[in-house]
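Consider the two complexes below, in which subunit A is the common component and subunit B and subunit C are the respective partners.
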Partner chain A sequence: MRTGTFLGFVAPSVLSMLLLIAVPLVGVVYLALYQSHVKTEMVEVRTKVPLFGGLSRDQVSYVPQAVLDEDGRPIRVWDYVGMQNLAKASEIDELGRILTKPRDEASLPDMIDSMYRDITNLDFWSAFEFTMIYVVATTPLMLAVGFLLALAVNRATEQLKGSLIFVSLLPMIVTPVVSSLAVYWLFLDNAIVATVLRELGLGRIYFLKDAVTIRILIIAYGVWYAAPFAFIILYAGLQTVPKESLEAARVDGATRWQAIRLVTIPHLMPLFAVVVLIHLMDAYRVFEPILVFNSRVFASSLQYLVYIAMSFEDNIHRAAAYAVLTVIGIVILLTPVLISTWREQRSTP
Partner chain B sequence: MSASDRLPLWLKSLNTAGLGIWLFVAMFPFLWMFLISFRLPVDAFSVPPQLFAPFTLRNFYGVWVTDGFWRYAVNTGVVTVFSVVISLAIACPAAYALSRYRGSLGFWLLVAALIFRAMPHVVLLTAYRPAFFSLGIWSRYETLIIVLTAINQPFTIWMMRSFFMNIPKELDEAALIDGCSRFQAFRLAIMPVMWPGVVTAALFAFLLSYNDFLISSQLMNGEMQTMTAALGNYMGQAKHLDKLMLGIAGAVSVTIPVIILIYLFQKQIVAGMTAGAVKG
Partner chain C sequence: MKPLRTWLASAAFAATASFFSPSLANAACAIEGSGEVNVITNFFPTLELLAAKMKECAKPGLKVEVKLTTEMKTEIPRAFEAASSPFDGAAVANSSIVQLQSKGQLMPLNDLVAKYKDTYKIEDQMLIRFGDDIMAVAFMANAQILYYRKDILEKHGIAVPTTYDELLAACEKLKGDPEVDHCFSAAYGNSWELGNEFIDIFVAMGGQLADPQTSQATFNGPEGVATLELMAKLAGYMSPNALAIDFGGVKQEMQQGRTAMAFLWGDIAASMDNPEESKVVDKVGLAVAPKAKADGAISTLFWWDGYVIPKNLDGDPDLTFQVMMEAIKAETVTENNDITLWLRSNYKPTKYADAIVKSVEAGAPPFPMTPQVDLAILALGENIGDAIAGKESAQQSLDDAAKAYTRAATDAGYLK
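Moving on, here comes the complex of A and B:
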């Protein structure tokens, strides 16, 4: 296919991505470098204040009022502020203060612990902390659960496989807000899980009001949500493992586990890499469970942080600064993976 | 598997038990949500929890009729149908070209699409907000449709490209030799055999639009909200059981179409997920 024809075919799709993904990305950087406010002027307001006997007196006061343009819309003034928004959003100053603050804890671990607690009290760093915990914790767990499921379903009877796949697709495909809500409703203080646990004599557990339980709950949700994806991909991969190699390994005296470790897993390696890559992207933007579980105090995330700054604080420049930091984060996270897949692509023609 | 590879009994039981536990864990949140959506608040959150309780459609009546959920359902219908159609219309030729073009431009376009796919949506939203406000196109069908279409593109072209790769090149080359232009070859020779791939891509484009909460809830307000975004109205209502029950009924209503879709198109969904990954 000639380059001209190629460009013609991809033009509409590329144009839509440029206009609504690439340009907004540039726009976010722009927003992060500026501050804006509505231009105001002091307007003289005269009011008649009644005195007595029908007499009145003019009272003059000055109130700020938005300056309007010809269309009657308030004029916004934009000031270039450089890195100021970004420095504020990343809380560089506070971070420096925490790191240099003299600490009187006795031992080194205690010192690090108190420093860590100070850092994770900052808005951005607490969101960053839990996002990273979520990414790091869910990735191996979803791989393990997905792989075990793939092995198990592979051994299930043929008639059962269809229904097993159907049910496994539910957590992944049902609207994430709904699946988060469904899990959230199970763990409310007066809902089934807490009630059953209490009936069993395990005491009263307030899942949503404790940092540890709510974090475990969100990570468990993340694994429950992502494992089916790993399962489907790895299950499809299992069908392509050459039976002869497996049988040869068994004949040579390998145990079942050794056959899996030495034949199956190496064969599925490229698929593990794909699953990890896609899961990293999705886990990094964890949002729905944080919103639904209302866990901001105990567990926040970067995407949630931008969302709050944008829609509740209505501070577009602060939100843009957080957004830029978020994008830098995802680029750092993905670069090693992208480079290694690129190398693989080149080495295998 | 050969006869020598039978699992010993203990491993077989472990396998069955594991699958049983997974089935329960995967289904239970949805099952319980369905079950309590047909109950009065007292029965839904009773101590101890009951398996059977009086049946009522009160919650569904409340959310669909009193709260006007049907309006949001209509919005969802309009937005998803148009965004799926436009998504596919522009992704099909792009994915076809990417599967046939050999230059490095194609590779870089795919890498760019992958990076775009990784962008958290809230980042884009931060830029949309001031831009759409000043353009005066806030809270309109067209705006949300176009935004969702663009956001669907990276995923859709990646998936469709791998479907097009499976269609032999000889097919369009023959058409070219017969005097077709590239576009005619694409339309007359390739598209007719591409329908299974198109159905799969349409399913995923639908799910991406239908499941979206973040963008829809921010770009549309009031009566223009989509069904998924409207669930936000019922969040954080743990203290008001009546309102909470309406939310549960709403969530069940959002889930039903998805479950029907998985039931009908399970094969296509699995094919779509594995297309990019397994075939490379």
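Moving on, here comes the complex of A and C:
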């Protein structure tokens, strides 16, 4: 292909990537390097608040009030703070203090345990802890579930395949907030699951009461949500597995499992890599179940921190800092997968 | 075919009716002027009614849009700090007005109030003043109160608790009653609500959230520890899932008859007697919030909801003001007396409002209107769950919250 033609073809996608990915990313990094606030001064203010029934109550208190410019507009102060936002968001100083703090626990496991508890008491590191647990736990599970689904649907009769594929894809179609809510409502007190388990004589089970059950629930939700993606990619891949090799394997006396392990899986390896790659990026940004399950005491996530900083602290710079940390985390997470894919690409002629 | 035809006919009729209804409604809303008015409000039944009232003012040449959203806490500050706000007015409450007011984003309404005082019978008790500036026109009030099951307390011969100690003792007695799943319910699930529950008790304990002069956090002192330890005890009588159940869930537990007592907003009291959603019709009694200390104040704070106009609106403040006042005029209160606690003097208190009236008489202070408190709520809500869950001590949780507050207040420029 001539260079001109090539550029002509890739230009639209390069342009849209610049516009939709690179520019916002630069914007987020820029925001993370600054800190801004409305300039205020403490002023004694008498507020009058109506009470019910015609009464009202005066309150006198010191309240920060905006300093206005000559047009009566509040003045916004922008300060360049460099890495300060990132350092504060990642709580790196506190982490250092915890790691170097002298500990008087008797045994090494006790010492590590107390150190771990101190670390996961920090907002960022506790969010990071569950984010990583979620990533590590959901990846193999969703691969396994997706692959088994793909194998099962592949063996179904032609008439059934269409509806099976549709049903399997449903979790991916439903908006995550909505499906999280649905799951949350299933497991609340006196909701269907708890009631059924009680009727079966298993007693009252409270799924949202401690770290273990709530985390299992979120991970199960994550697998349910992500498996259809693995399923559809792997199902497509199954259609390309050469029938001759499979038949040859069977003729040579391979069991069905051996055929899958020795023929199908190696054939699908590049697809597994793609699915893992995309799921890692996705899982690292887990957010909806954390918010919807009100699970922050037992399971937080990095995206939840972005949301809190943005919508409650009203601090776009801190939110940007968390976002930058998320991007850095994803890049680190993907590096090994990218390297191995690149090696594979190079080794195949 | 007949049903289909009937259906088509009624659909056509409905369409015609809705086509003509704006002109009919205009008889009720007489606003001169043309343009566009956009208002953003929170999402609950009273505000839905007021939104509908505002929309009735629409006519050829005057467009009225109301955005009802529970995300107003995020959207309003974004809009009001932009160069020009897409919203010309907003509904806010005690805590949400302070972030806007302290940043100088609100337009003083003194002139508009003076101009329209007679037209809309704006009463003095509806005006929210910061110094000399009228910053909002309030229309309803609210406070959290104690909901209790009359039948269950009677069965055990328990008097309605007036202090939290009595409430804990009552719960101890109710243990083992098969009718009661959990003795007590409160909204500990949502961060903001959890922080708010803390502040209700903390203020009654005599605590002060932040130093008024320096903005330093002061909620991690002895009153804070006592408050949080009390909350942990209360949680012991709540559903084990309590840290994941928000206000809507608590309301439902009460309506489904799963809980004997609950701490809920007063304005939803009537919903306990609505047979369509409640299994405990006529069984729920309402009382003022328990006291935190036997000799102290009741543990609740007083709230109002009202309308504001930003400085940076892209529409006409005069027109916006008229539309909002039109919605909360005296007739609206007369026609919808029972749905909430109106601040207007023509409101006739119902039995559902009684506990809130008593709260005021007992001296419930208004929710503190400073931006530091708004930051403190969230710092608390995000951190004290750890102590309630027993993961760490009350003091440690409060110190974590103080640290989070200090960080947020420093970034906001309140702390140097």
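In the analysis below, the second predicted complex is superposed on the first by the 283 of 349 C-alpha atoms of A that agree within 3 Å, B and C clash if a C-alpha of one lies under 4 Å from a C-alpha of the other, contacts with A are read in each partner's own complex, and residues count from 1 in each chain.
In this text, a residue touches a chain if its C-beta (ideal position, glycine included) is under 8 Å from a C-beta of that chain, and two chains touch if they have at least 3 such contacts.
In this text, all values refer to a predicted model and were calculated from it rather than measured experimentally.
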- Task: Would you check which partner chain A:Leu164 touches, where first means subunit B only, second means subunit C only, and both and neither mean what they say?
- Result: first
- Mind working out whether A:Met310 is in touch with subunit B, subunit C, both or neither, as first, second, both or neither? both
- Message: Let me test your reading of the model: by the given contact rule, A:Gly72 touches which partner, first (subunit B), second (subunit C), both or neither?
- Response: second
- Which of subunit B and subunit C A:Gln35 touches, first, second, both or neither: second
- With the two structures laid over each other on chain A, which partner does A:Gly201 touch: subunit B (first), subunit C (second), both, or neither? neither
- Query: Looking at the overlay, what does A:Ile214 touch: subunit B (first), subunit C (second), both, or neither?
  - Reply: second
- Item | Touched subunit A residues, subunit B compared with subunit C | B
- Query: Where does A:Lys48 make contact in the superposed view: on subunit B (first), on subunit C (second), on both, or on neither?
  - Reply: second
- Message: Contacts for A:Asn294 in the overlay, against subunit B (first) and subunit C (second): which applies, first, second, both or neither?
- Response: both
- Query: Of the two partner chains, subunit B (first) and subunit C (second), which one does A:Pro102 touch, if any: first, second, both, or neither?
  - Reply: neither
- Which parts of subunit A are in contact with subunit B and also with subunit C? 188-190, 294, 310-311
- Message: List the residues on subunit A that touch subunit C in their complex, please.
- Response: 35, 37-40, 42, 45-57, 59, 61-68, 72-74, 77, 88, 121, 123, 184, 188-190, 206-210, 214, 293-298, 308, 310-315, 317-318
- What does subunit B use to touch subunit A in their complex? 1-2, 4-5, 7, 11-12, 15, 18-19, 22-23, 25-30, 32-33, 36, 45, 47-49, 89-91, 93-94, 96-98, 100-103, 105-106, 109, 111-131, 146-147, 149-151, 153-154, 157, 182-183, 186, 207, 210-211, 213-214, 218, 228, 231-232, 235-236, 238, 244, 247-248, 251, 254-255, 258-259, 262-263, 266, 269-270, 273-274, 276-278, 280
- The subunit C residues in contact with subunit A across the complex are 71, 73-74, 77, 81, 94, 98-99, 102-105, 124-131, 138, 141, 181-182, 189-192, 212-213, 215, 239-241, 243-246, 249, 253, 256, 258, 302, 304, 311, 341, 343, 345, 349, 353, 356-357, 360, 365-366, 368-372, 375, 378, 382, 385-386, 388-389, 391-392, 396, 400, 404, 407-408, 411-414
- Where on subunit A is subunit B touching in the complex? 1, 3, 5-6, 9-10, 12-14, 16-17, 19-25, 27-28, 31, 148-149, 152-153, 155-156, 162, 164-171, 173-179, 181-183, 185-186, 188-192, 195-196, 199, 224, 228-229, 232-233, 236-237, 240, 243, 246-247, 250, 256, 270-271, 274-275, 281, 284-285, 287-288, 291-292, 294, 302-303, 306-307, 310-311, 316, 319-320, 323, 326-327, 330-331, 334, 338, 342
